[in-house]
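Here come two complexes built around chain A, the first alongside chain B, the second alongside chain C.
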Partner chain A sequence: MRTTVKLKGQENGQEYEAKLFDEVTSDHFLKSQDLWRPVLYAAAKALKAQGKSIPRYLHWDWRQKASALGRLDASFYGIECGGRIQGLMKTDLGPLRRCRLDSQKGKELVYVDYVETAPWNNSEYMEVLGFKAIYSRTGTRLMQAAVQLSVDNEFKGRVGLHSLPETEDFYRAIGMTPVERDPNKQDLLWFEFTPDTAQSFLEKTV
Partner chain B sequence: MNGKKAMTLTLSDAEMAALERMSETKDMTKIALIRQALRLYQALDERLARGDKVFIEDETKKDKAELMVL
Partner chain C sequence: MMEKTHSQWWSEIDALENKGLGMFTGGLILDLDPDALASQTEAIASVNSGEVESFLESLGAKRIAIKKAETVEEMKAQIVYIFQTNAALASIAARNFESLPDEAVKSIYEEILDLQARASRRA
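Presenting the complex of A and B:
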């Protein structure tokens, strides 16, 4: 799958054509690790110097996820724009992942295992480094892909994930329901899209 | 997902009845259920091939039973 989506320039508000794809390879992991981590480390250092909290996902290493490429219960998505990778996502479709929201309890869902956007698209990180962030909507486009994957697998748009504290506002803003803190997953907040909220999200973010 | 290929699947009456029951309960087509079963089987098989043990836990009693794969 390779489809065209639109990202928005954070500085000028213009729309930019980007490619959303699921043929992710270990090369994408190598590139993102090489390009993203130095910027993220620099931003973390600057944030720490200002007494602010550093990104909780600083230690993520996409190269370690290469072993899941080709697995039936894993799907990967990437977004490219301007010749660079702007975001990556790993999802888990395995039948052991289930909904926790009372109205959906026990039903199958797509679990978003990891989702990361390039650090130059994060306004907080770029501002602390003295730059402007480049694109917005990368995370939204990836979440649209997760919902579509859920629909394609007859999970009716149900998607669940554990959110890091710094991204909780984003998931609330796109209409996911915060369900509970998970003591088995560093007390991270569990969010879900139901079939209705997923449909509403897709309609609002065409 | 890359290209798709078709195949004919022959099931026993009991297997088909189980598949139909699950299909109705879960409001999913038979093929979606078979894909889920394949994902689960591959995931378990890979863990077991690595020498991992797979357990099923009773959340209330905290009892753990090892999943036996013959």
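Presenting the complex of A and C:
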């Protein structure tokens, strides 16, 4: 699958055509991490020097988990623009993933395991390095793809995920419903799109 | 409460997406390591910041802070950049010139005359 989506230039506000695709492999993923990590570390170092906090996931070394990543092929999405990967998402449609919201309880959904955007698209990282961030909307376009995947699988747009603390406001703002803290996932907040909220999100992101 | 306009909605989403600091969901890392979020290592892997800056420039990222030039070539490049960006600022100022208070107009005019005089003396 390859489709065109639009990203927004952070410097000039212009729209840029990007490719959303699903042929991403774990090798592809690790190569992207090799490009992203030095920028992340340089930004983290600069943030820390200014006394600012850095995200807890930053020390995560995907290379050490390469063998476990082997099973990820076939469910990875990527967005490419300007010849570079701008963001990645992994989804899971496995039978163990079910809705938790009372009105949807037990129904099938698309579980979003992982969403990450390239560090050069994050203004806090880029500004501390003395640059303007490049694109916005990568994460939003990936979430749009997750909802579309749910629709295509006849799950009616139902999507669920465990949000990191830094992104809870983002998921609320795109219309997902916070359901409960999950003690099995270090108390991360579980969010869901229902068929109605998913439809509303899709209409807004057109 | 008033319904947000489409552009207001996007502005909010764009700002919050930036606040997300790159990674958005924790499911995968906790599947691979249940304790991944429990601790924060203080050590950050060392990187060559010059290489990172060159890489970002190769992506087309625009500088917002001028790094002090060390060679004449770098100085020339920065002078060109400053002229370009100041020309853009001057253009914005010119478009809004009519709305400036009279005292500000007089002050700016005197400064321009002074700059021109000094430039012609140097020439």
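One rule holds in what follows: the second predicted complex is superposed on the first by the 187 of 206 C-alpha atoms of A that agree within 3 Å, B and C clash if a C-alpha of one lies under 4 Å from a C-alpha of the other, contacts with A are read in each partner's own complex, and residues count from 1 in each chain.
The working rule: a contact is a pair of C-beta atoms (placed from the backbone, for glycine too) under 8 Å apart; a residue touches a chain by one contact, two chains touch by 3 or more.
Computed from a predicted model, the values in this text were never measured in an experiment.
Trainee: With chain A superposed, do chain B and chain C clash or fit?
Mentor: Fit - chain B and chain C, as placed by superposing on chain A, sit side by side.
Trainee: Look at A:V147 in the shared chain and tell me whether it touches chain B only, chain C only, both, or neither; answer first, second, both or neither.
Mentor: Neither partner.
Trainee: Touch check for A:K204: first (chain B), second (chain C), both, or neither?
Mentor: second
Trainee: Could you look at A:Y57 and tell me whether it touches chain B, chain C, both or neither (first, second, both, neither)?
Mentor: A:Y57: touches chain C, not chain B.
Trainee: Would you sort A:L88 into first (chain B), second (chain C), both or neither based on which partner it touches?
Mentor: A:L88 contacts neither chain B nor chain C.
Trainee: For A:V39 in the superposed arrangement: first (chain B), second (chain C), both or neither?
Mentor: Once the two structures are laid over each other on A, A:V39 reaches chain C alone.
Trainee: Which partner, chain B or chain C, is in contact with more residues of chain A?
Mentor: Comparing touch counts on chain A for chain B and chain C gives C.
Trainee: Would you sort A:M1 into first (chain B), second (chain C), both or neither based on which partner it touches?
Mentor: After superposition on chain A, A:M1 lies in contact with chain B alone.
Trainee: Scan A:Y125 for contacts with chain B and chain C and give back first, second, both or neither.
Mentor: second
Trainee: Look at the superposition and give the distance in whole angstrom between the closest pair of CA atoms, one from chain B and one from chain C.
Mentor: Between chain B and chain C, the shortest C-alpha distance works out to 14 Å.
Trainee: By the touch definition above, which chain A residues appear in both interfaces, chain B in one complex and chain C in the other?
Mentor: 72
Trainee: Quick check: in the complex, which residue numbers of chain C touch chain A?
Mentor: Counting only chain C, the residues touching chain A are 6, 9-10, 12-14, 16-34, 36-41, 43-49, 51-53, 55-56, 59-65, 67.
Trainee: Which of the residues in chain B come into contact with chain A in the complex?
Mentor: 1-2, 26-29, 32, 35-40, 42-43, 46
Trainee: What does chain A use to touch chain B in their complex?
Mentor: Those in contact with chain B are residues 1, 22-23, 71-73, 75, 93-96, 107-108, 153-154, 156.
Trainee: If you look only at chain A, which of its residues touch chain C in the complex?
Mentor: 8, 11, 35-42, 44-45, 48, 54-60, 65, 68-69, 72, 82, 84, 90, 92, 111-120, 122-127, 129-134, 136-140, 161-164, 166-167, 169-170, 173-174, 185-186, 188, 204
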